[in-house]
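Each of the next two complexes has chain A plus one more chain, namely chain B in the first and chain C in the second.
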Partner chain A sequence: MLRRLSLRLVLAVALLWAAGSLGFVMTQLAPGDAALADVGPGAVEAREALRARLGLDAPLSVRYQRWLTGVVQGSLGHSVLFERPVVDVLRERMVNTAALALAALLVGSLLGVPLGVYSGTHPSAIGTRCIRGASALFVSIPSLLLALVLVLVSARTGWLPVGGMTGAAAASSLLGLIIDRLSHLTVPALALALPLAAMLEHTQAQAMADVSSMRVIDGARARGLSRRAAVWRHAWPLSLGTVLPVYGVLAGSLFGGAVAVEAVTAWPGLGRLMLDAVRARDAALLAGAAMTATALLAVITQGIEALAAWRDPRTGTDA
Partner chain B sequence: MASTRPPRFLLTVLLIAAVAGTAYLLWRDVRPAAPPQVPGATDGPPARGGRLVVGLRSEPRSFNRHVAAAAFTDVFTHLTQARLVRIHRQTGELEPLLAESWTIAPDGHHFTLQLRRNVQWSDGTPFTADDVVFSVEAAFDPALKSVLAASLRVDGQPWEVRALDTHSVALAFAAPFGPGLRLLDLLPVLPKHRLEAARRDGTWATAWNPATPPAEIAGLGPFQLAGYEPGQRVVLTRNPHYWRTAPDGAALPYLDEVVLEIATDASTELLRLQTGQLDMLQQALRAEDVATLQPQVDSGAVSLVDLGVSTDPDAFVFNLRPEFWARDPRAPWATSRALRQALSHAVNREQLANAVFLGEAVPVWGPVTPGNTRWFSPNVPRYAPDPARARALLASVGLEQRDDDPWLEDTAGRDARLSVLTFRGGTQLERALAFVREAAAAIGVALDPVPLETNALIERMVTGDFESLFFSYSTSDLDPALTRDFWLSSGSSHLWHMAQPAPATAWEAEIDRLMARQASTTDEAERVRLFAEVQRVLAEEVPVLYFVAPRLSMGVGRRVRQLSPSVLRPHLLWAADSIGVTP
Partner chain C sequence: MRLPVRVLVWLAALLLLAVVAPSLAPYAPTQMFTDARHVPPMPPRLEASGRVYAVTLTDRLRERYATDASRLLPLPWWAPAGTPVFLLGTDAGSRDLFSRLLVATRPTILLALAALLGTITLGTLLGVIAARRGGLIDALIMRTGDLLLVLPVMVVALLLRSALPLVLPAVEIFAWLTLLLSSVGWPIVMRVVRATIRHEQASASALAVTALGASRGHLLRRHLLPACAGPVLAQAGLLLPAFIAAEASLSFIGLGFPDTWPTWGTLLREAADVNALVRFPWTLVPAAAIFLVTFGTRLVVSDGHAMPGTTAVRPGSAGRIVREGSPR
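Take a look at the complex of A and B:
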């Protein structure tokens, strides 16, 4: 057990190093630099001074060594774009992305799981056909496109704000603040949640069909339970062995989708931060964001794996 | 027993009807239409109070104009700082601001400025001549390397400045300078009491950065920084000590608050304007955006504000650095004037304006457009669409049809082919380039586009690593003496061959000579005559091809009142103290 944990820890550190290094080096190799973006092409002296201040006049190997030394010592460096420590910027954005991802996960689960249970246990109902059709639609639409459609719908209807995380006017009460946040969260969360719900529905339906074939429901009903109780109390828990591991995969696609959705909906999260960092050639910020996203993904994947192992100890062994 | 469940086909029909109904509702914009806009209502009397919400495409990098040249810093400076004088963006006239009067010595380059009394910084500290001296010295301090220094120097020299008393300043340029005190429009006056320590202890570059607490940033402009939420917005509130008043004596500014909402995506920003989340954008609309906004314009929710003809035409730049072409056998024709003039003859500018800008553009043959009414010269060589003349010019440098492909070849059989760098994602620019490529192909010249991200393109331009490039740039000032960086062969914005130690060609030496005379005389008529000559020489040599200058318009929400639109940036916020909104 200890050996296994150690191995995973080493792998996690290697993954973080690879993600950060790749982000840092690729940004530094791209043409143009932060000084150019800041002072423009005309002011030559000011640009050279800024390059020197930011350390951009040193060779790439020296810049990389400085950055890596900082990381080993616990510092992710200084953001050129925000003129602040990278850690401070990441802390703010991580919370925003986490809020968005959790909301999407919650909405996706609340939609996908019950619909999957229904369609898995009512294979020939017309409702199931509708659900399957919608699932097929949302699974095949990328989050970026869905975000654009939702933004367009919001714009045409005026029902929801089309960008940002909060309104320009400060909320005057707690209730107003909550409503403001929720209204801004709806579009990006739905853009991520609907494909997620479709995938969950599909997996859950398959798992329920498999469990149903084990005559679990018939047995429970023979003992006097209603059909609904038999499904939810006996069949559904058994299906989780198949559904829970899928969350690990979904977490990955969630982060991938978040980059595009955050850009379209102006949600100030890690994904949009990475885009801004690339545009501004902020190597330390991009490396830090890549490492944070990798770490978050690793933690979520491991957490889900642990949950699945707890649910079914057979899935936790290496054998 | 008969079934009570509805037949399946009925449910299916109902489902389809529901989906179709919802789609129809969304298609026909379910929002209630606003009352039709009264023509000219945006010029109505402003109400005091309210919040103006404006789009912002980038995160702030610095609040100090001496440190950053980015668009945000320029806008922020207009909103929060003041200058000694300003050039009225509509009339072009010089207006007194912090300097309420001045005298000019007979030599034309010594000035005495009388400063406005009873003016306070936004933190309540009195404004004095020491602040002016501090600001000028900061601009030219070699240790601070201000981004403004190059534009402010006269004859390559810094200004001399000294305080005569608490409210008068003596200012001297190294030589007579055509624009005279108009140069002061470029220099925001900064608070000595807030920034002197940073100048002294070497933290100038990071003072007033986005992490600086708003209370530490003081200004003499209509607004003051109240907060910055990274990734979301910059909030500015009324400066309680602002010193300007309206002609009727009302205190300015009218607005309580200006909010700059950050959205780096242009389409999202436009949608936010359509939905009323933004009152205005900072960028002029693209031709296709005007069509997108039409329903809102028709319903009165948005007004289109005409700015006039842009002063920033598109530019097709040829690389004329000898060192770039030194080992390239194409050099004789690739750097020839004949090729440049042939391409100019190949493009039908009227058709380009119609096809790409939907008619909202005017043909141009030089960098100074009709939008720059004071300096535009119509008497420059024009290149009428003439494919036959273009082919004859190409033949004069050995480019002729020598095989079966559509391209001309030089005497060694190499295709007449150039790569063209351009901005990735600039839809209007990309479509214009597609038009130019077709026109060039019609005379047998192949142009291979290379779309690059902005930063990468500028890097290639600055290092001279390109064969040609097609882009659009912002003119920083309309007065040619203030854009010498572009005209002079030694300039760092002399696009086709930057920072030459000595003029590489006779015509560049001629332009240098004319520009030096133009900048050093204070005789306005003579300046206009000399600059018309500069424009003629450039149009003959065409190191840069100019095709069209778009007519600019901006989308503004119906709440906004009393705008003073200008073709210069910032188009609307340069006079933010006069803008109001209806509650």
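Take a look at the complex of A and C:
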């Protein structure tokens, strides 16, 4: 157990190092640098002065060494774009992206899982056909397009605020603040959650169909349980062995989609931050954001694996 | 039809579409029409036997137009020079969206197909090497693939894109994007090829072929690689929509094709401004094109059920392919 845990930890550190180094080195391979992006091509002297101040005049190997030393000591460097320590910028954005990802996972699960249980256990019902049609539709819409359509709908109807994270009128009470944040979260979260729900519905339905053929339901029904109790208390827990691993894959696609969705809805998260960092050639910021995104993903994936291992101890031992 | 054949036919149809579509465009994609900014779509009317109603400008400042049902115009290919017909409306640059959409089809679909070819070539090559060599090389290829699969795709794409200058000629962008998408996609193909070959070369038939005196090359070419065709093409059906979406996302956020080159992604940038999107919703038309290709690909892969059995790779279970059920 201890060996496995330490192996995991070493792998996680290696992953973070790879993501961060890739971000730091890649940004500086291209011609031009942060000073050029900041000042522009005209003012040569100002650019050279800025370059010297930022330490950009040193060779890449030296800069990388400096950055890596900083990372080991707990500092992720200084952001040229925001003129603040990278850690401070990341702290704010990380919370926003984590909120978005968790909201999407939650809404996607609450929609996808019950619908999948229903369509898996009622193979010929009319409701099942509607559910399958809807999930076939939503699984084919990239999050970018869904975000655009949702923005259009909510702007036309005026039901939900579009863009950003906070409303124009500063909410005075705590309740007002919560409502304001939630209403801004709805569009980006739905754009990510609906394709997620479609995938989950599909997986859950198949898992339920497989489990139902195991006669679990028949056995429970023979002991006098209601159909609902047989499905939810006996068949559904068995199906989780198939459904939970899918979350690991979904979490990855969630972060991929978040970049596009955050760009459309102006949600100030990690995806938009990475985009800004690429545009501004801000190497330390990009490296930090890549590391944070990787870490967030790893935490979610590990959490799901732990959950799967808790449900079924056999899955944990062979990996 | 069997799955590999269906996918190949579909890919050929898309290639044909990419080749033919631009020459069907009634107007040049860059042609700007006077007094035609944000003209709403002019759909063919059934009651007027396929002709369209003319549209007249009523308010130049607010860009308002009125449909004039008394004046009928033929379809754009036959429309007189003075009165252009915009089937899907015009954009902020007073250009015909229908023509732009058709012209944009070529780079968008060609990029997706090129990236698919690159992914399959790279993935098959590395998959064969990993399965046949084994040992350290196998471990190295698998771990590199794991790393790419664990990192979020768009994050990897952004990191790789950051190594390129922000502004590049369109042809270079095409080449780089092909390389970028291939280097993100290959682990998925590599895992399928590696698993299939490992399974096949341990089978009794492979032993029999070897016992009959076939060389390793013959076994690979005639027996192992053909066995990979089905699984690889099934993956291709899942990768194609992902590549089209990736191009759209990258171009939309300004890291893909430049605005001067119409692709489905750059056309969507028209819709990036909420106010413009609300007033001129027809700028979302490229989204419909992306959706149709994505949805069609899913139908093809899954034999009309629109939901293919998703072959998902479990993170953490080295090399095991988990097929999440068969298509229902």
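Following the convention adopted for this analysis, the second predicted complex is superposed on the first by the 318 of 319 C-alpha atoms of A that agree within 3 Å, B and C clash if a C-alpha of one lies under 4 Å from a C-alpha of the other, contacts with A are read in each partner's own complex, and residues count from 1 in each chain.
As a working rule, a residue touches a chain if its C-beta (ideal position, glycine included) is under 8 Å from a C-beta of that chain, and two chains touch if they have at least 3 such contacts.
Note that the structure is predicted; figures quoted are calculated from it, not measured.
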### Query
Should the superposition on chain A be reported as showing a clash between chain B and chain C, or a fit?
clash
### Message
Quick check for you: in the superposed arrangement, does A:Met165 touch first (chain B), second (chain C), both or neither?
### Response
first
### Message
On the A-aligned overlay, A:Ala18 touches which partner chain: chain B = first, chain C = second, or both, or neither?
### Response
second
### Message
Let me test your reading of the model: by the given contact rule, A:Ala155 touches which partner, first (chain B), second (chain C), both or neither?
### Response
both
### Query
Where does A:Leu36 make contact in the superposed view: on chain B (first), on chain C (second), on both, or on neither?
first
### Task
Tell me which partner A:Leu275 touches in the superposition: chain B (first), chain C (second), both or neither.
both
### Task
With the two complexes superposed on chain A, say which partner A:Val89 touches: chain B (first), chain C (second), both, or neither.
first
### Query
Once the shared chain is lined up, is A:Thr203 touching chain B (first), chain C (second), both, or neither of them?
second
### Touched partner set for A:Ala134, first chain B, second chain C, both or neither
neither
### Query
Is A:Gly248 contacted by the first partner chain B, the second partner chain C, both or neither?
second
### Message
Need the overlap of the two footprints on chain A, from chain B and from chain C, as residue ranges.
### Response
30-32, 151-152, 155-156, 162-163, 263-264, 275, 279, 281
### Summary
Within their complex, chain A touches chain B through residues 30-33, 36-46, 48-50, 53, 81-84, 89, 92-93, 96, 126, 130, 151-158, 161-169, 263-266, 268-269, 272-273, 275-276, 279-281
### Query
Given the complex with chain C, which residues does chain A contribute to the contact?
15, 18-19, 22-23, 26-27, 29-32, 132, 135-137, 139-142, 144-145, 148-149, 151-152, 155-156, 162-163, 199, 202-203, 205-207, 209-210, 242, 245-246, 248-249, 252-253, 255-260, 263-264, 271, 274-275, 277-279, 281, 286, 290, 293-294, 297-298, 301, 305, 318-319
### Query
Across the complex, what residues on chain B touch chain A?
8, 11-12, 15, 25-27, 29-31, 51, 53, 59, 61-62, 68-70, 145-151, 205-206, 209-211, 229-233, 259, 261-265, 268-269, 271-272, 274-277, 452-462, 485, 492-493, 499
#### Entry: chain C residues touching chain A - in the complex, by the definition given at the top
147, 149-155, 158-166, 241, 245, 248-249, 252-255, 268, 271-272, 274, 277-278, 281, 284, 287, 290-291, 294-295, 298, 305-307, 310, 312-317, 322, 324-325, 328
